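Just below sit the structures, each encoded as structure tokens.
In what follows, chain A forms one complex with chain B and a second complex with chain C.
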Partner chain A sequence: MAPRLNPLTTLTAAAAVLVITTAAASWVVSLTVAAGAVLLAGVTGAARRVFLAAGVILAPFWLSLLVMHGLFFPEGRSVLASWGPARVTTEGLGFAVDMGLRTSAFVLVLLLFSFSVRVPELVAALATLRLPPQFGYVLASTLMLAPIIAARLEKVRQAQESRGLVVGKGVGNRLGAVRLQMVPLVLGLVHDAGIRAQALDARGFRRTGPRTTYTQVRDSPAQRGFRIVAVLLAAAAVAVRIAASLSRGQA
Partner chain B sequence: MNGQVSAAVTLRAAIESFAFHGDARPALRDVEIVAAPGSLIAVLGGSGSGKSTLGRLLGGWLAGGRDGKLKGRLELESVGQQEAWRPLVFFGADSDPQIDPAAWAEQVGYVPQDPAAMLSAVRATVEEELAFGLENRGMERAEMVRIVAETARRTGLASLLERDPATLSGGELRRLAVGCAIVADPAVLILDEPLASLDADGTRTLTELVAAELARGTAVVVLSQSADLLTRLAEPWLVLEDGAATAAGPPDRILAGEELASSGVVVSEPSGAPSGQVQQFAQAQSRARPAKDSVPALELDRVSFGFGTEYLGRPLLLENVVLDVWPGEIVAVTGPNGAGKSTLLRLFNGLLSPLRGEVRIGGEAIAGVPTGVIAQRLGLLFQHPHDQLFERTVLREVFFGLDRRFGASAPVRAAEALASVGLSAAGNVHPHELSGSGQRLLALATVLAREPEVLALDEPTVALDAHGLRRLSDAMTAAAGRGAAVVLVTHDLAFARAHAHRLVELRNGVLAAGD
Partner chain C sequence: MSQPSLTLPTPGQQAGRNRRLLEILGAAAIAATFIYLVLTQPADIAGGLGSVSALVAMGGFLLGAVLLIVGVLPTLPTSTVVLIPVALVLNIVLGQLMGTSGLPFYLDSIGTVLIAVLAGPAAGAATGALSSIVWSLINPTVLPFAAGAALIGFLAGTAARYGLFRRFYFAPVAGFLTGIVAGVVSAPIAAFVFGGTSGAGTGAIVSAFRAMGDTLLAAITKQALISDPMDKAIVFTIAAVLVYALPRRTTLQFPFVRRYHVLAGKEPAKRNA
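After this line comes the complex of A and B, so read on.
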């Protein structure tokens, strides 16, 4: 499904959804967006990668939110339980859940976008907007950085396991393995980057003249229309939010 | 590729000396080369001879000042050009000229020894990778499409245009790297070890491509540690040893001289078989096959495997593969590029798991056993040393994991393994600073140090010079002699026939007895 859409359409949709989610500042909206992202991830076949990456990012975040705001929320009035200075309050838990859901929506939408977009198509689409080509390349290399790091890490892991490293199931074992892998990973990446820089130079990456794109990106009047509507909706959401804040301030 | 005839450009290089920053000893000294339109020059040299350094200098990938101290002259000379290029003269000073790599690459295409180094890493398919250099030049799309299709045809990549470059086999990757260099239609082409990892079809494709380039008037420089089918078409030959030219002239004269033998260059018979190995071939054939013990050292029992077969419905890469390798036996696996030979080896130690069938080592199934545990019994030499080496020094590299396995005797074993591949003196060197041959031998040492029951070697001959081949040969023979089973994947049929008790061929997913 995703590859048929112009990357600008999915980018605009993702950005508009995030702006509207922020403007709405409602856990119901955040939950709906997060659920929608999960559903779409399932449909596009990116579910496994999205969930894995989201888990790595969100699990510690949720934990810290619940500890920080669930136990220590100065504005909390409805105390559910308390242990010394730590108090579990309804308001604290509500704040933690609200923030957690909003961040989850952000992370899931952005991960879904980055895992489903074809980066060369996105670069090609951005070029049609007359953005500087370097912008497209920085974006492309940023989006491709995670897969490159993952590939390099996998190679280091395979090399080490082939020489007798056994990664046990415990947390300690895994942390030990991570410690062994980090230095080779970073050094390998730096080495690769140095070599790649020479290849990119020779292949004209740093040229200042005009560039063209080989990848053709599909677009349609309907998609262009959708993008305009999405931008207008996002702008409207922000306007409503500001108006609401102002009227609340006057009242 | 924009026209039928290449712009007539001569590359003249006179390298007085080039030393990497921090090195007192120059990596190159007193090397002169003239690559004229339509001529093929071979620069031959063994490991550490400086030929890759020369290639990178000629290709504009190494720059005087930025990467080291260069004294000498680089000059491109064009016939019929209105404004002549000025020669670039280097004195090893700050005021030396700077080469614009992109402008240089328009005239001089360079393909490095490691083809993966050529890739942009921001392109998702082979065709997009091929087009990358053309996009940067601002070429019209219709013209790009034509050139990409033509390049794919000439490099034998036409059926792989939609593939992700990261999933290509070693030989396919090399053809892609060559394609990336020739799309820009350079007048001079520098190829570092262009036939490494190529199967027979790939070798033919590349040889034809070089012939076509020569016919179009391109000047071609081939850097190689082997006097093989391609370099035998070249004249003159330039022999490098220890950074300096020791011989130059027509191949016949150099073949009759002594410089080639001492340089470590592998000399093949015109048929392609390395001359020194013909006799060994007879020995290998007559060598008694090891007695079959009760249990094979390695067994593949109807093993099937495919990437994405389970979830995406892609076809199987390996189907019902059966292979028994006995203690003391050397088996060579051959087959075309992309047949799944490297994948096969990764099934041996559990880095990949079969979809069906069973892999057994010493009669015990390895299903569910961690790779790190299997590593006690099976040592795997990866196809690309770059993927195998991850430590900061050569000694640390060999030592990794040995202490867990051998305890107090680990340092001695590490030292012995390094000595067996001739790297004793390089213990404190960073593995990336070794030559291609040195990196391969170091990777081999990491496998040998563990004295596994089964050695699985993926393209072990690639990048090895004659000295390195001898060390590999000795190591394999010694391992088989102590009762280890050896499986090597290779395109070097001469080496395989000279050393293996039997050859098997992997083709279309099926493993069959080879010739």
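After this line comes the complex of A and C, so read on.
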């Protein structure tokens, strides 16, 4: 297996690709980037998870865009069909496809990053960026807590059901059921957090200064160079786009 | 405060001043981005993708959010830092729980408001921004809304600071006002970065305003002004219910709650006075 890349390298690559895609503002580039992300997901074996997550996000988004701009686009001139106030225009459809493809590229690239990165490595790599160590703690802790809290909510629900909680049809009944589950959940979590805070404080969590980590993150001059090039390319793309828009504005 | 440490040097004034500078820069970046977007929007959106606006919206708001996080996070007490991950998960889990209740609101900031009430505006702002950034690992489309989420946390904390959570009926009012501000700030993101909203219901409202001939930003702002204040009023009410359900022993652990007498009830006996 190929040696794993430094998380900062993949993060920089994803961010640079997104900035360049946005600056390019062309559906061809967006489509190419989205296709590239799909291809990479296939190669790295994260395809199933990426597609599933992206589908859940993108399907309603595309639907909403097509209805919104496909039927109602007051700026559109070439009308293809119209029913009463709704007019299907070429410009509206074009705008919907442009935006949809750009957002698809955005979602696919970022999901590919987040599903391929290992969180402990990311946290260790972020610590080298001189970000506050609390940031890494929050990031890692959230991702670890999510399944625990979901399981806890399930337990609270079971406990309340065994005490006779039945979710009825009325809004008041449903809200009451939500309250019966939320209050014990939040109570327990805040209490746990208090205990964790004492334990962390006792271990010098708030101390400033350098910290050591058990996780060794691989880095190489080549990767460092790649990161600098990626940032420069993204900056150049933004500069070109701003220059183009300025010259168009003056013309 | 605590005695100076005898073993390690305590962080000096300089670090504190740098942090304050970062916070101010972050807030300035968010404000400047918003003003730029509102001023330049009419010419831009009709000409196609509005690429510069999208770049400015994403870059400026994200930069502001990150600066706020870096400035605020090290100043928070550990009891607050430890609560932030819990709040982030609550944002997601309680949002989903409300989803199963079949009510038409998104309610994805309950945890943020909870932290803001317990730990103050700065903690609320950092929690909101962090929430968007961490959540974006699962759903990348929330990433550009980090500044709006930070604003919600900040305003909730400010409302708590001035005693709006002491009376039960003020909490929804504060939420309503917060929703107006948050909706107006988030609308340019939805318009310029995504070209619309993702929900079917919100999409229908935007379409209705578009059919009346509004620009995209105007239509999305009006939609946000319909959905957001209601949503935030409910979120603030739920957060108030949760805070009052917590034992006083727990809520009074937070210096912010004690100092500004955030919650109704008798003043606790002063230990050191």
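Operating definition for what follows: the second predicted complex is superposed on the first by the 178 of 251 C-alpha atoms of A that agree within 3 Å, B and C clash if a C-alpha of one lies under 4 Å from a C-alpha of the other, contacts with A are read in each partner's own complex, and residues count from 1 in each chain.
Keep this in mind: a contact is a pair of C-beta atoms (placed from the backbone, for glycine too) under 8 Å apart; a residue touches a chain by one contact, two chains touch by 3 or more.
Note that the coordinates shown come from a computational prediction; the quantities given were computed from them, not determined experimentally.
Student: First (chain B), second (chain C), both or neither: which does A:R241 touch?
Tutor: second
Student: Quick check on the superposed pair: does A:I149 touch chain B, chain C, both, or neither? Answer first, second, both or neither.
Tutor: Touch status of A:I149: second partner only.
Student: After superposition on the shared chain, which partner residues are touched by A:V67: those of chain B (first), chain C (second), both, or neither?
Tutor: Second partner only, chain C.
Student: Who does A:V43 touch here: chain B (first), chain C (second), both, or neither?
Tutor: A:V43: touches no partner chain.
Student: Under the stated touch criterion, name the partner, chain B or chain C, that contacts more residues in chain A.
Tutor: So, of the two partners, C touches more residues of chain A.
Student: For A:V229, select first, second, both or neither according to whether it touches chain B, chain C, the two together, or no partner.
Tutor: So A:V229 meets neither chain B nor chain C here.
Student: With the two structures laid over each other on chain A, which partner does A:L80 touch: chain B (first), chain C (second), both, or neither?
Tutor: Touch partners of A:L80: none, neither chain B nor chain C.
Student: Between chain B (first) and chain C (second), which does A:R207 come into contact with in this model arrangement: first, second, both, or neither?
Tutor: A:R207 contacts both chain B and chain C.
Student: With both complexes overlaid on chain A, does A:Q158 touch chain B (first), chain C (second), both or neither?
Tutor: A:Q158: touches chain B, not chain C.
Student: Regarding the shared-chain residue A:T103, is it in contact with chain B (first), chain C (second), both, or neither?
Tutor: second
Student: Please report the chain A residues shared by its interface with chain B and its interface with chain C.
Tutor: Residues common to the chain A contacts of chain C and of chain B are 137, 141, 183, 187, 191, 196, 200-201, 205-207, 209, listed in rising order.
Student: How about chain C: which of its residues touch chain A in the complex?
Tutor: The contact residues of chain C facing chain A are 8, 11, 15, 43, 46, 48-49, 51-52, 54-55, 58, 69-70, 73-74, 76-79, 81-86, 88-90, 92-94, 97-98, 101-103, 114, 130, 134, 136-141, 143, 193-200, 202-204, 206-207, 210-211, 213-214, 238, 241-242, 245-247, 250, 253.
Student: Considering only the defined contacts, which chain A positions touch chain C in the complex?
Tutor: It comes out as residues 19, 22-25, 53, 57, 60-61, 63-65, 67-69, 71-75, 85-86, 95-96, 98-100, 102-103, 106-107, 110-111, 114, 131-132, 134-135, 137-139, 141-143, 145-146, 149-150, 153, 171, 174-175, 177-179, 181-183, 186-187, 189-194, 196-197, 200-201, 205-209, 238, 241-242, 245, 249.
Student: In their complex, what parts of chain B are in touch with chain A?
Tutor: Chain B residues touching chain A: 59-61, 101-102, 104-105, 110, 112, 114, 117-125, 127-128, 131-141, 144-145, 148, 166, 180, 184, 349, 351, 370-373, 375-376, 379-380, 382, 387-392, 400-401, 404-405, 432, 446, 450.
Student: Going by the contact rule set out above, which residues of chain A touch chain B in the complex?
Tutor: Touch list, chain A to chain B: 118-120, 123, 137, 140-141, 144, 148, 151, 155-156, 158-167, 183-184, 187-188, 191, 195-196, 198-207, 209-216.
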